[in-house]
Amino acid sequence: MSTFALGTIIALILGSAAVALCLRRLIRSVLLFVISWAGIAAFYLWAGAEFLAFAQVLVYIGAVSMVTLFAVLLTRRHDQPDLVIEPPARSRAAAGVTIGACVAAVLIPAILATEFPAASATAPTFSVRQLGLDLMEQHGVVLLVVGLILTVALLGAVVLAASKEDAS
Amino acid sequence: MTMLHVCLLFSGLLFCIGLAGALARSHAILVLLGIELMLNAANLNFIAFWRYGPPHASGSGPIFVLFAIAIAAAEAAVGLALVIAIYRHRQSVRLQEEARLKG
Amino acid sequence: MSPAVWFGEVGASLLAMDWTPAIASKLAPTVFPTGQTESAFAERLPLLLRDAVTGSLPEPWRWLANSLIAIVAIIVIFASLFALLTLAERKILGRVQNRPGPNRTGWGGILQPLADGIKMLTKEDIVPAAADRLLHFLAPVVLLALSIVTFAVIPYGRHLVPVELDAAVLYFFAAGAATELAIFMAGWASRNKYSLLAAMRALAQLISYELPLLLAFVPVVMLAGSLATTGIVAAQGGWLGGVLPHWHVLTPPGFAGFVIFMIAALAESNRSPFDLPEAESELIAGHLTEYSGFKYALFFMAEYLGMCALSGMAVTLFLGGWHAPLAALEFIPSYVWFAVKLLALLLGFIWIRATFPRLRIDQLTRLAWKFLVPLALINLLTGGFWVLTTHWTGGMLVVRWAIALVLVVGPFLALGRQFQARYAPRTYRYA
Amino acid sequence: MLGTGLLKGLAVTAKNFVGSFHDPKRYTTVEYPEQPTKLPENYRNFPFLVFDGEQPIDGLRCVACKICEAECPPQCIYIIPDRDEKGRPTKKPKVFDLDVSVCMSCQICVEVCPFDAIKMDQHFEIATADRFNGLLLHREDLAKSDAYYHSIHPTEAAQVDEILAEAKRKAEAKAKPAAPAAPAAVKPPEPPAPAV
């Protein structure tokens, strides 16, 4: 039952990600990416990190997908299709896939060849309270830095995307 | 072959898909999404090691993923803002046309 | 090693592994705690009824049957609440406008929802020729599914929590945030530029108001020290002298949070005065323009269910969940109290709809970004102060209340003056 | 302070809501088909013919003088005077048709009628599926009793009654001194137009 669940999750994530990167219609590939992100959230849930699963849904499906879709719609040209496939693009695509395959060819045997120490018998328990305490005490500085980065990134994004009406 | 192996294989494959996509596609948004996918694959590894790794008491895995998600959100926001700025400037989002630094 | 042997080994080891998902323990439904005897019979009635049905089943099936019963109960109860709510809304709007409202179908109009349903179901289902048929179909389904999913974590009574999650509040708002995607799908799949533009407006509204919505409940989480809905409800138990309940709405940061939360909830559920996405009299119907028949009914249902879910969450977070308002009234079952509070909030939604005119899009976003978000951020500070000063007693209690009230009322007045300065009071020269 | 206006608005709607249950002023709906609407006295739509006594056709005040037919601006009235077997006019209409699909409710026929025989009706539920025959009213459809006239336009009917009684008294007073000479002088003087 749960074998089937994990298999489905993995197949869903890999399949939707692979198809998303092959499609020519951008909106569809973004929506497939959303499925893939939802699958990753399901994986987190399956592994017992429920807080992360919900954070993943909130951030990726709620926010990143929206920003991406807005960007897609803002950069769309109606007089031409989304993407034109030209000979150089073909060779680039082939090169990209080859590099990906090469990395996979290195990674997979490496993973299979490694002996990991035995896993703990029970799933590690990790309550939200514990997470909060860890964030505030052990990782407090990091939290502050992340907050700062997010603020700067937000301001930067606003400045970058704001249209300069006075200039044009 | 343990659960950890399965999860690592899975995340490795996801990483390679993201890599191939980021390299093969020329649309800036798709390249960004490919990079997001690679980030997600790395996050999967943290969770896999936390869940199926050797016994431990710390929650560093999920916390690291949490930070990674936050940074990924920032990256997506800035990246897509850049894409929009480039599009406004050159009316194109194809990366091979953006070979010049000088506008 | 030959590939066949390798695959065989991998397969065998895959089968031998422990595949039980870690989340399974969390999903176990609340079995009636045998040690608890203090709860009255009426309090346990839903569980006893459930156990009477599923008690004889063997263990794994019993778990499944219990979950199914919970799901069916939630869907049936809230679908009928949706039906009654549409009727109640029209009746109340009628009364406010000096007219009776629908009263021709059935006894005093009680069958009006049924008539509406039959009308919706028998209408032609139109899909535009150029539409993306798959997404056009998926959008209402996804929206409804996501709004039903949010009901899973709300504690409806002392023993009635469908799923006890550690991060239940986060789950609720994650599912709520995902509904935006369905709205985008609806707008884009219609292949109609007006639908798309309206969907973009709807998204801008939803994203703008997500921020105050999420910020408004953080003080509550700080006060309760828990992200679990059960923990938050438990933190609001008890009464001061048997009269004054420990609800979060009765603390300064909780009250400010409640008001901000309800305003943002109005906008999140596309209710008047924030019903811009489907403003019937101005736009055609926004992203619903190309929908008809059953799909339109699904959108409508999802909207009402979202309103119910947000009200249920507001009851849980701010109004003490299923706790009775007075110690003396505790003999009434907890789920009745929850229902009473939920209905009161829903009536408030209808009352507000009957009163206020629709905002303009710029007023809408200005309200979110220049008024609600700063207030919610300051409210975080107030919440922190309130949490840090829980041990103050005696005369310091007065100081605590005074400081907290200043922190709540001061920014409201200051921002309110600034916010109002550009709009009111208005003088109309030609009117 | 920001928000006081909102609270005032909420109070107004709440007052309306509560008031609708006990205050008839805040619940003004008339549920029309079951609950007949009380029309104002001066409401008018299409003309009808008044008759005195019990017999609708015999009691008609109309003498088929054709003044209204001539005056009607859209020409929706059609009259054929009745004649007895010797060919003399009986001062009754044989045919009195009124096409309400043409009539514009101008009340000119009422103003010009010297006998107060045609008055404006208040019956407005005349929708029909047959626009040719259904909307062409005949003598039988148009004839309505004086009592009905009193019920719909009481003030105006009382004035008309006074005028008719006055005319009758004058005619009788005239007839007494010259009793044999004036059997034909029943025709009353033209009455002033009834106040509308």
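To keep things simple, chains are lettered A, B, C and D as they appear, and every chain counts its residues starting from 1.
By definition in this document, a contact is a pair of C-beta atoms (placed from the backbone, for glycine too) under 8 Å apart; a residue touches a chain by one contact, two chains touch by 3 or more.
Predicted model, so just to flag it, every value in this text is computed and none were measured.
Student: Pick the pair with more C-beta contacts: A-C or A-B?
Tutor: Pair with the higher count of C-beta contacts: A-B.
Student: If I average the CA coordinates per chain, which chain comes out farthest from chain A?
Tutor: Here the answer is chain D, farthest from chain A.
Student: In whole angstrom, how far does the Cα centroid of chain A sit from the Cα centroid of chain C?
Tutor: The separation of the two C-alpha centroids amounts to 27 Å.
Student: Whole-Å distance, chain A centre to chain D centre, using C-alpha means?
Tutor: Distance between chain centres, rounded to whole Å: 82 Å.
Student: Suppose each chain is reduced to the average of its Cα coordinates; what separation in Å results between chain B and chain D?
Tutor: 86
Student: Could you give the separation in Å between the centres of chain A and chain B, each centre being the mean of its C-alpha atoms?
Tutor: Whole-Å distance between the two chain centres: 5.
Student: Would you give the residues of chain B that are in contact with at least 2 other chains, written as numbers and ranges?
Tutor: Residue numbers touching two or more other chains: 1-3, 6, 51.
Student: Among the residues of chain C, pick out those that touch two or more other chains and give their numbers.
Tutor: In chain C, the residues touching two or more other chains are 14, 22.
Student: When you check chain D against every other chain, which residues touch at least two of them?
Tutor: none
Student: Which bits of chain D are touching chain C when the two form their complex?
Tutor: It comes out as residues 1-3, 5-6, 9-10, 12-14, 16-17, 20-21, 26-29, 31.
Student: Looking at the complex, which residues from chain B come into contact with chain A?
Tutor: 1-10, 12-27, 29-30, 32-34, 36-37, 40, 43-44, 47-48, 50-59, 61-63, 65-67, 69-78, 80-85, 87-88, 91, 93, 96
Student: For chain A, which residues count as touching chain C in their complex?
Tutor: Of all residues in chain A, those touching chain C are 1-3, 5-6, 27, 31, 34, 45-48, 50-51, 54-55, 57-58, 61-63, 65-66, 69-70, 73, 123, 127-129.
Student: Using the touch definition from the top, list the residues of chain C that touch chain D in their complex.
Tutor: Chain C reaches chain D through residues 92, 95-100, 103, 351-352, 354-356, 412-413, 415-417, 419-420, 424.
Student: Enumerate the contact residues on chain A facing chain B in the complex.
Tutor: 6, 10, 13-14, 17-18, 20-21, 26, 29-30, 33, 36-37, 40, 43-44, 47-49, 51-52, 55-56, 59-60, 63-64, 67-68, 70-72, 74-75, 77, 82-83, 88-89, 92-97, 99-101, 103-104, 107-108, 111-112, 116-120, 123-124, 126, 130-131, 134-135, 139, 142, 146, 149-150, 153-154, 156-158, 160-161, 163
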